[in-house]
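Input: structures, listed below.
In what follows, subunit A forms one complex with subunit B and a second complex with subunit C.
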Partner chain A sequence: MSCIRTVFSTLRRYPSAMVGSVLVSILLIVAIFAPFIAPHDPLKLNPRERFAPPSVEHVMGTDEYGRDVFSRIILGTRTSLGIGLSVTLVCAVAGGLIGLTSGYLGGRADELIMRAMDILMAFPGILFALLILSMLGSSIVNVIVAISITGIPKTARVARSSCLNVRGEEFIEAAKARGERTWYILLVELLPNAVQPIIVEASIKVGFVILTASSLSFLGLGTQPPTPDWGLIIGSAREYIFEAPMLIVWPILAIAFTTISFNLLGDGLRDILDPRELGRV
Partner chain B sequence: MAGPILSLDDVSISFKTINGKVRAVRHVSLEVRRGECYALIGESGSGKSTLAFASMGYLPANGSIDSGRILFNGEDITGYNHAQLEKLRGKHVGMVFQNPHTAANPCYTIGEQLTEGIIYHEGISRAEAEERALAMLEAINIPDPKRILERYPHQISGGQKQRITIAQALLSHPDLIIMDEPTTALDVTTEIQFLRLLEDIRSRMDVAILYITHDMGIVARLADRVGVIYAGSLVEEGSRETMFRHPAHPYTQGLMHSIPSIEMDRKHKGYSMPGLLPNLISLPPGCAFAPRCSVAGECCSSLPEVRLIPSEDGVEHRVFCHHAGAPLSFATGTVEECVCHDEEGVACSEPLLEVRNLKKYYEHSTFTDRLLRRAPRCVYALDDVSFSIMPGETLGVVGESGCGKSTLGKTILRLTEATGGSIFYKGEDITHKHSQSLCKSIQIVFQSPDSSLNPRHSLYTILSRPLLLHGIASGRAELEKRCFRLLDMVSLPRTYLYRKPHQLSGGEKQRVAIARAFAVHPSFVVCDEVTSALDVSVQASIINLLQDLQREFQTSYLFISHDLSAVREISQRIAVMYLGRLVEVGSTDQVFQPPYHPYTKALLSSISLPCIPQPHQSILLEGQIPSPANPPSGCRFRTRCYRTQCEACASVQPDMVFRDGHGLACHLDRAVLEADTPVFPESFLS
Partner chain C sequence: MSPVYILKRFCFMLVTLFCISIIIFAITMVLPGNLAQVILGEFATDDALRALEEQMGLNLPFYEQYGRWIWGVLHGNFGHALSMDQPILPLLLFRLKNSAILAAFSIVIVTIIAIPLGVFAALRRNSAVDRIIQVSSYIGISVPEFATGSLLIIALAGPVLNLFPSAGYVPFSEDVPKALSHIVLPVMTLVIVLIAHIMRQTRSEMIHVMQSDYVRSARLRGLSNTMVVFKHALRNALMPTITVLALDVGYLIGSVVVIEEVFAYPGIGRLIVYAVTSRDVPLLQATVLTVACVYCLVNFLADLAYGLVNPRIRYHS
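Entry: the complex of A and B
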């Protein structure tokens, strides 16, 4: 109980974290209960009602096959959040470990790992993802793999720089003097003190990943129709932009809403987790 | 009659934090008179800096002045707006901060930063301002001032930087300079130069100084009047002579007794004040010092009124205490020498640790260096260092910062690999050996307890880990029991076990660090500046603790410190280092008496003692400490040596020559060195 109260009292002092976490909670609830919230079956075709304007029956109207756009947007939350969160998790764990190890070891090993990361970073992210997807074929799992690979170097850099700040602390030296093994120093001594920037980076990354995933779907290399996906909806709505301009606006609004929510949360977390603030919490 | 330049009238300052209102300063009234040096002393967290900075309108956003008036030249500045404050600070008040390294902006040259203020505030031309800056640097004896003006902050040394900040503060001809611990970040040899400069400035210019410090030695050298502040209130104020000879407040008396000082009898333990600073959020009513005071009675639950005590020199002596002048006892136990015996009761004669010709060079080569096959640049951190430590003995290592003393500690622990030479532990060569049993025998306690304890771990994790790692104990119940015993050992309450380090005070954290080192019963502990980051009132208690543990576990210490008084108190033998080499080794008495190595003498004479007048003459070392990457040829000290030099000084490195176990590395004739006058009078070193 006291833990929850601390969380709330902390959030109250950081408005962007407050707004961010409320919005993200809404998104998560929508994603989890999507089938119950959606008023229609998102896959059900209804040729007689193509391009219906917004009405009580269809809040956001219908698309070129007469499917309910609102239901498709709601179900699309699942795909987007699913991809966004799993890519972020993979990046944070893999990138975090790579960065921490690299920063802690230093010297040649550090040089080698970071140059490899630089090479990965040198490719434009979306291009690299396209390359991977055209090799592996399109599926949700492959989208996750592709975006993760492009995202790991950035997380690794963040983790490395935060590790370098902690590495010089005397408690690390004390652990070495005590005869601790490298993995213990890395995971038990270093990680808890270096994890904040990684968390912040991850929360901002979610929005970015959702954008990338949508772009891939839009280009036809991500999720495949008829899966309800925001990028896909934009892709197919593009052709009817003059007949039904609102069709393209809804998914864009959804993407913008999600990205802003996670960015707000990330900004707020950065303020809260700032080491200078820790003493006050 | 000199009128006050700054006068505080019943000033209270508080900060709003999420835990509540911190009452940092409470009802303080004092005045700084024209041309005088007023020293404000107190422990960290006592509100001395807050008071000084608030009196110039520097308060963080969550701070506010709750009551009282701050008069500068008779004008109340509490209601000043931003522009008025700016003018006040720019023209009438100078500031000198604690850390000279962060006080200057690294993006601008010294000249630009010096002239910026006067160009803005006085509207003079750049050329005119530069001329004035140059004249000021010349006036405070900075060598080669023209070149200094063109340099960037990173290109000059710390001591020089601090002198530049003085120049900056003086440029606008202010009436008052506020100095916040300006010498804390400096070495003693640089500190003494700085203090000399201040004395010189005061004799020539009519400027008042508000000097914030916790160093009584400096107060004894500089101050005209002294104010002691405790938990945000002024507890005593009087002339320097009165405060040192007849302190009346129990806190002042305790503070005076807790300073580790050269004149102290080494056979007696240092006095340490019991208790901690009270929490400034929930202060007890009445006297804030009462919980730590040995004469506190029932009357102390009411706020003490000011009492005027007649003083010999006629300077007002104010005390805020119900029991002012009550006789107190500061008697402490005696220190028993730790003598090690083997199983048959024979005193040990084999050294525990022996270091022979130890070398540590840090090589640095850039990519282009490697490409052009240039020899890597070397920093000679340790060069041919040899000494030995007996079981149960303490060897003090002293020297200026950058002389290699910390590197020595780390190399012995093999945290860095030695470049050459060897380390023997119980007769075994351990220079390149890494084993768990060695980690168990050789431990280290670091300077800063904030950094040496992992802030995310509880004391339980911190203390139980070495026990678990070295297989001394396992299982929750046994570990907990052992941890309790460790806390008892360093006199910390058992209830602390599940706290995190940030919930402890600095001294308590250092106790935890010591407990962690002793958890594995080491036979050798490196103490790297363990008292430097602590308040004077707790330094003595840490040294006492180390001495008690030494007797109990028959541990040997390598006690690294720049504080010669602390080193003298704890060490049986002392080694003096300069630029990576040992220049003198001997028993504590041998090092403190002639023959001296010229450098040792300079170091000893730079100490400021808390007595009036200073009993010794200071030797000012010329120039800066040379870079260890490019040490002078021959004797490394020759570039700063104040004695007449022979030819060999510039060409041959002097060898350490021993007589009666007292080694000196100097080309000068031993007879000449022996004829040297002692730095401190005989009566001082008891």
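Entry: the complex of A and C
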């Protein structure tokens, strides 16, 4: 109980973390229970009811195939959050391990790994993702792979600098003196003490990943139809931009709501975990 | 700035570009049989495929294929675009020029607007104006560029308020006012996307610097507020901003790809998307490599600029 109370009292002192965590919880609930919330089948075509205006039956109207827009937006939460969270997880784990190992080993190996990361970062992210997708083909899994590869170097850098701060501590020396193995020192001693910046970086990344993924879908190179995906909805509604502008506005609102929620949570977490940064940005 | 520093950065740029060219080539060539298949279509006979592979050197080992390709590129020969059957270089230069026009207009406008706004927000911290600037920049970074572009089309190019053309392009050599009117919306979109970044960065750096000891000591010496802000604080606050501006060029390139697609603007970004969708491997290699070169060059220049304003870097490292 006291643990929960601490969480709440901390959240109260950081309004952006508070608002962010509430909004993100709402999004998670919507994503998990999407099929039960959506009033209609998001894939069901209904040629007789194309471009229906908003009504009680169709809260946001229908699209060019007569599909219920509201249901597609709700189900789109799953796609967006699924991609955003899995990419972030992959980046945090892979980038975290690379960065920690690199920082812990030091010397030549560190130099080599970090230079490789620099080179990967010398590529505009979305371009790299495009290139990888052009090779792998477009699907949700490949979008996750492509964006993860572009995101790992940054996480690795954060993890490395965090590791360098901890590496010199006495308990690491003690572990070495006890003759512990390298992986044990990395995972049991180093990781728990260097994990905070990685978490902050990850939480800020989610919104960015969702934006990138929606751009790729918009270009027609990411998620493929008929998957309910916000970027994809905008991409296909573009043809009817003046006839049915709301078809574009709804998914934009959904994207903005989602990224703002995650950005608030990320900023809040940074303030809580890294008080030095408080007052900056 | 010491020549050693410049030389070091330059060499790093060359090594990076070399590695990137290998990555690009490797990714696009992962399936060597594919290229011949793309050219001849799926009903090609095995003999025809093999003959074409031989002719194009697709059966050679990877390093030899790469060598041939990069040798051509270094001599300005990017090969032929498969899908359009024309040499790539002229097309590439034309598209690159168009994109550069968009990028140049956007960067200049962003710098003019965002840095003063950021400084202003920092000096009037937590005032109503600062809050408004903060919130709008928050929204600015939370909406993808294609969404901003689409919203601008709906608002300014629709049947109600048809101020600017929503798509297409007119060359500057033909008709300057018309050319300008065609780039208004894409440039506006880019500006909105980038302004939030630069402004947030300038603001946070400025706040950070204004709390530093040397600004406090400058104040204690009785210097006027203007003097403190412009002579002491701004110079130091701009250093990280330059880095962010350079990083934003990478971001800008990504945005340009998407925005050119939104406004059907014939720039290099649209060419990349075209190359991906039509599986035109030589075109894809050429366009992506070009963009990577631009990006590396900008980063190199940013390093130099950073070295110029930050004296600490010039001597050590």
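Just so it is clear, the second predicted complex is superposed on the first by the 274 of 281 C-alpha atoms of A that agree within 3 Å, B and C clash if a C-alpha of one lies under 4 Å from a C-alpha of the other, contacts with A are read in each partner's own complex, and residues count from 1 in each chain.
Here is the rule we use: contacts are C-beta pairs under 8 Å (C-beta built on N, C-alpha and C of every residue); 3 or more make two chains touch, one makes a residue touch a chain.
Since this is a predicted model, take the numbers as computed values, not measurements.
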Practice task
Please indicate which partner A:L28 is in contact with in the superposed arrangement: first for subunit B, second for subunit C, both, or neither.
Solution key: neither
Practice task
Answer with first, second, both or neither: which of subunit B and subunit C does A:R178 touch in the superposed model?
Solution key: first
Exercise for the section: Examine A:V7 and indicate which partner it touches, taking first as subunit B and second as subunit C; both and neither are also allowed. Expected result: neither
Problem - Touching partner for A:N193 - first (subunit B), second (subunit C), both, neither - result: first
Handout entry: Winner by number of subunit A residues touched, once subunit B and subunit C are compared
Key = C
Handout entry: First (subunit B), second (subunit C), both or neither touched by A:I241
Key = second
Handout entry: Touching partner for A:E169 - first (subunit B), second (subunit C), both, neither
Key = first
Exercise for the section: Tell me which partner A:D118 touches in the superposition: subunit B (first), subunit C (second), both or neither. Expected result: second
Completion exercise
Contacts of subunit A common to subunit B and subunit C in the A-superposed view 279-281
Fill in the blank from the handout: The residues of subunit C that touch subunit A in their complex are 15-16, 19-20, 23-24, 27-28, 30-31, 138-139, 141-147, 150-151, 153-154, 158-159, 166, 200, 203-204, 207-208, 250-251, 253-254, 257-258, 261-262, 272-273, 275-277, 279, 284, 288, 291-292, 295-296, 299
Fill in the blank from the handout: The subunit A residues in contact with subunit B across the complex are 13, 169-171, 173-174, 176-180, 189, 192-193, 278-281
Completion exercise
Note: in the complex, subunit A contacts subunit C through residues 118-119, 122-127, 130-135, 207, 211, 214-215, 218-221, 231, 234, 238, 241-242, 245, 248-249, 252, 255-256, 259-260, 263, 279-281
Exercise for the section: Quick one: which bits of subunit B touch subunit A in the complex? Just the residue numbers, please. Expected result: 17-19, 410, 413, 415, 434-436, 438-440, 442-444, 446-448, 451-457, 465-466, 469-470, 502, 513, 516, 520
